[in-house]
Amino acid sequence: MTRVAVVRFPGSNCETESLLAVTRAGGHATLVDYRDTDLGQSDAVILPGGFSYGDYLRSGAIARFAPVMTAVKTLADAGGAVIGICNGFQILCEAHLLPGALQHNAQQRFAARPVDVRIERTDSVCTTDYEPGEVIRIPIAHGEGRYVADEATLDALERDNKVLLRYVTVPGTDMPYNPNGSMRDIAGICNSTGTVVGFMPHPERLAEQELGSDAGQRFFTSLMRRVASGVAA
Amino acid sequence: MTAIAMAEPFPGERAVTDDVVREHKLNATEYTAILTLLGRTPTLTELGIFSALWSEHCSYKHTKPVLRRFPVDGPQVVQGPGENAGVLRLPDGWAVAFKIESHNHPSAVEPYQGAATGVGGILRDVFTMGARPVAVLNSLRLGPLDDARNRYLFAGIVKGVGDYGNCMGIPTLGGDVCFSPCYTGNPLVNAMAVGVLRESDLITARAHGVGNILLAVGASTGRDGIHGASFASEDLTSESQKRRPQVQVGDPFTEKLLLEASLELITGGYIVAIQDMGAAGLTSSSAEMAARGGVGVEVDTSKVPTREAGMTPYEIMLSESQERMLVVAEPHRIEEIQRVCRKWELDATAIGLVTDDGIFRIVHDGRVVAAIPGQELVDGCPMYSPPAEESATAKARRSLTPSLKGPEPVAALERLLDAPTIASKRWVFEQYDGTVRANSVIPPGSDAGVLRVAGTDFGIAMTVDCNARHVLLDPYEGGKGAVAEAARNIACTGARPLGVTDCLNFGNPEKSDIFFQFTEACRGIGDACRAFGTPVTGGNVSLYNQSPMGPIDPTPTVGMVGLLADVNKTVPSHFQYNGDAILLLGETRGHLGGSAYWAEVLDTVGGAPPSIDLAAERALQDVLVEAAERCLLTSAHDLSDGGLAVALAECCIGGPWDIVTMGAEVDLGRHADSVSDEGWLFGEDGARALVSCSPTYVVEVQRLAHAHGIQCHYLGLVGEDGSDVIIRRDGRAWQWPVARLRAIYLDAIPRRMAAVTTADGGS
Amino acid sequence: MNVRVHVRVIPRSGLLDPQGQAIAHALAALGFPGVADVRVGKAIELTVDAVSTAAAEASVRSMCERLLANPVTEDFILEAEPA
Amino acid sequence: MNVRVHVRVIPRSGLLDPQGQAIAHALAALGFPGVADVRVGKAIELTVDAVSTAAAEASVRSMCERLLANPVTEDFILEAEPA
């Protein structure tokens, strides 16, 4: 069975629903403390959402130095699956496992709402179960989600197919389709092999019909399939 | 009487003179009671302690007898009033803890921190019961948004509420916001928290076991908020702006750690009792825990970890630094407790012990600086029953009628939807995380929030409501109405109302007209709660809400929770399917007195508000709950502010994030013939709801309603996405494109908030 | 003339500064010893067109009082230099 | 010796600074003319125990590089004075 570690930093909030989403997809999920120095026998690691260290200074800035991050880097370097959701994405950028930075939303307010995102790449560790170009609606909840990078980095991301998710407009919405002013409407990115991924929206929060939609669940079924097929680990 | 226990002044502290007594807001009667109790002059530390515990905020000296008349019992009650939060029974060994609290005066001074620490405080009240907080709600009252200072306060308060709950990872599931000139200068910030626990894990704040140890857990103590409790117990004047305590700053990150540590300490059985250091900080937490347990305590303030050097026992006892807990434990448990706290990166410091002499004793560096009989300290404040008499102005207001002639119904509805009190609050709750923890079945934007209890099939519905204009115009009916509206909101989701927590925001109780408002509103709340079988399990009183411009409208906010037996049967508020039948439950009499139509469109705050038929309300709740259980309905929305026209528009406009909007074509037919068009469209009679269902269920729903003695009128059909809302009556027709209504409704607040928000504007 | 003004807006002393505390902890954990009293506020830089450096300073002082700093919780310090 | 170090962490020029823009707008609306190039960052103040002011500065520079500033988006400026 695919083993997934979910890391709890002080101030993490979304570890429970991340663990559940993995379990629901048929994986074996374990909670790992930020002080731990190894990830057990995990094939994949999720850095969940929340406010690690209160998001003080910059979100993710302090968490990147937690002892567990050494093991996360090792896993990433070995080609293992590393998934950063929201605060986890911020930590991955701060740790330079992914390029760019996440800054305060352009409107200077926290944004909690559903967004429509297009799956731009379906061979990453968590998007194989989506159709190329498929648009799904899942929630965001962040104050610092504006993706920025210099032009060269952005061009390289586009050229190398490293944009994973992009905010798109869907007819009928009366909200700005790009919720935070992210450059090039980027909602999530990955490394070239698609094994290290980070994104702002929360698929784990909308992953069962009982809550109105299971649009996010395929992130987790994809992960199970990819890791089980040995491509990522 | 001889001195019961001696205490000496702390070196360097001021002598207790008449002026000093007055500064502490203790009147002659109270000071005499203190002298009698002690048999000597109090030390300054003692005076400070008395002034905190004998403030209105802590002693309820004007309100206790009135509050005693609330119904507090019921088969579902696990813990009634008197603890940090009330607790009600849920199925399968689960229970829900919930409580509401105000943070009005701190928010008037510093909106962001005031609101944030309000949320922090109420969360602690819930997790000290052993419950994990699962949702927060907030009820806000502000002056109109055309004033820059009000915009600044609104923006800061919303950000403060949001940042704290968001950082804690607790979803905000509901709330309400109203705007009225009476709140300019004295905004209201009421925060409610809801927690879930195994009934067997319940713990109370009752110190017992002589020789047990008191530990301070969490943040260290600074000089913030000294005298917060007495600050909350006086009118806001320019004088009090100067006297204001050092602002309390919230640290949700530390609170999150404190939450986890506290729950681990409680469920692990490490401790005997726990209470948060809220208003009046260490003073009230230690004195109240001792009094509840019938024991004495001794606190050594020199052992309390402080943030600043040189703090006096007076300052340490009265500090309202946030994110602190007081824990009572058996001595052999201390090391384990410290280990748990260290795991969560917190300190736990022994600062005192439980004694057998009933004395509340404070020592500092070996010197006894306060020694007060504990029970009398907590219970001995003189009680007042001020005269209660309705003012002539209030009576006159009730017989006012508008002098203006109303605009066309088409324009009138648009005006109502543009009124910030009625308009969508999306601008507010898009700043609140409503989905974290993935249990939110109905996030904000509907009648009541619904949360699934993780790992079960059932859910908790929750809401806060109060129509303060109705309470102003008729406190008794308004009080009943607040409970009725809350219960209607709960029942619309399909949930059965379970119980109430209330936040009674009023002006200065020493004025007879204000005290009249208070007693009558409470009588109304009590009667409604009795009729609905929803006991009051706790709450909060916030008096002296007045600015130099006068008192606020009486605002007894009602927080309510309900039980939804099967969350898969949750009923949404908005129309769902083209072609569904639209039914109106309840009787329409066209009552316009006190209505939003008069206030927002005709500029008249007056008239008698509708009188609430409690039996009809109860029957309506039964119909809604039964219909939901039998899966008959596709939507249900209560009628309140703005009456039928606003409710119909809201059902068509849809949820805050919906892409699809529905039309509707309804005919009011020959029902209630004598009622005027305005009365039909905008009247605010209670006990009504607008529901939709598949056409095949119409007869079933009507049969169910009639069985409960509730009228049920077929009005028409839901129309397709993007079509018009059409209301016909007797050959007349009013028509609106739904896209236009949605745009007005959603843009009303953002449009006003787009203007610059400055710190000083207009103040 | 154009004047560049640097403003530092700092939480008033005595007030809790959770952000400063968190940074102090993190610095200690990173192996920077001897760090104390960390406080975090805002740095605002602006260019003002004014007749003199003193006039620019006066104008920014009033901006701080009205908008840039929160009079209840923050103090501010200005420095101006010709741009 | 104790050295008080003032750090200003400022968004790199060229990057959009929405907060700076919002403040520029608000200042104009409040009637402050001639304000341009507003940028908003963080002001961090800390006391460092070091052998000299220069040593303190060097130490804080390294704190900035590792933690206090984000090299992707921010520049920093230091000033040190004996405390």
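Residue numbering begins at 1 within each chain, and the chains themselves are lettered A, B, C and D in the order written.
The definition used in the following text is that a contact is a pair of C-beta atoms (placed from the backbone, for glycine too) under 8 Å apart; a residue touches a chain by one contact, two chains touch by 3 or more.
Small disclaimer: the values here were computed from a predicted structure and weren't measured.
Colleague: So which has more C-beta pairs touching, A-D or B-C?
Modeller: Pair with the higher count of C-beta contacts: B-C.
Colleague: Starting from the Cα centroid of chain B, hunt down the chain whose centroid lies farthest away.
Modeller: Most remote chain from chain B, centroid-wise, comes out as D.
Colleague: Taking the mean of the C-alpha atoms as each chain's centre, how many Å separate chain B from chain D?
Modeller: Each chain's C-alpha centroid was found; their separation is 41 Å.
Colleague: How far is the middle of chain C from the middle of chain D, if each middle is the mean of its Cα atoms, in Å?
Modeller: Here chain C and chain D have centroids separated by 8 Å.
Colleague: Round to the nearest whole Å and give the separation of the Cα centres of chain B and chain C.
Modeller: Each chain's C-alpha centroid was found; their separation is 37 Å.
Colleague: If you average the CA atoms of chain A and of chain D, how many Å lie between those two points?
Modeller: Chain A and chain D have C-alpha centres separated by 30 Å.
Colleague: Chain A: which residues touch two or more other chains?
Modeller: Those would be 53-54, 56-57, 62, 65.
Colleague: Among all residues of chain D, which ones touch two or more of the remaining chains?
Modeller: Residues 26, 30, 42, 67-68 of chain D each touch two or more of the other chains.
Colleague: Two or more other chains touching the same residue: where does that happen in chain B?
Modeller: Residue numbers touching two or more other chains: 251, 253-254, 758.
Colleague: In the complex, go through chain B and note every residue touching chain A.
Modeller: Checking each residue of chain B against chain A gives 159, 162-163, 166-169, 251-254, 256-257, 344-345, 429-441, 452, 454, 567-568, 656-657, 659-660, 742-743, 746.
Colleague: State the interface residues of chain C toward chain D in the complex, per the touch definition above.
Modeller: 2, 4, 6, 8-10, 20, 23-24, 26-27, 30, 32-50, 59, 62-63, 66-68
Colleague: Could you list, by residue number, the parts of chain C that touch chain B in their complex?
Modeller: 11, 14-18, 21-22, 65-67, 69-73
Colleague: Mind pulling up the chain A residues that touch chain B in the complex?
Modeller: Of all residues in chain A, those touching chain B are 10-14, 16-17, 20, 49-51, 53-56, 109-114, 139, 141, 143, 170-175, 202, 204-208, 210-212.
Colleague: Which positions of chain B touch chain C when the two form their complex?
Modeller: Result: residues 109-110, 113, 219, 222-224, 246-251, 253-254, 307-308, 321-322, 758-760 of chain B touch chain C.
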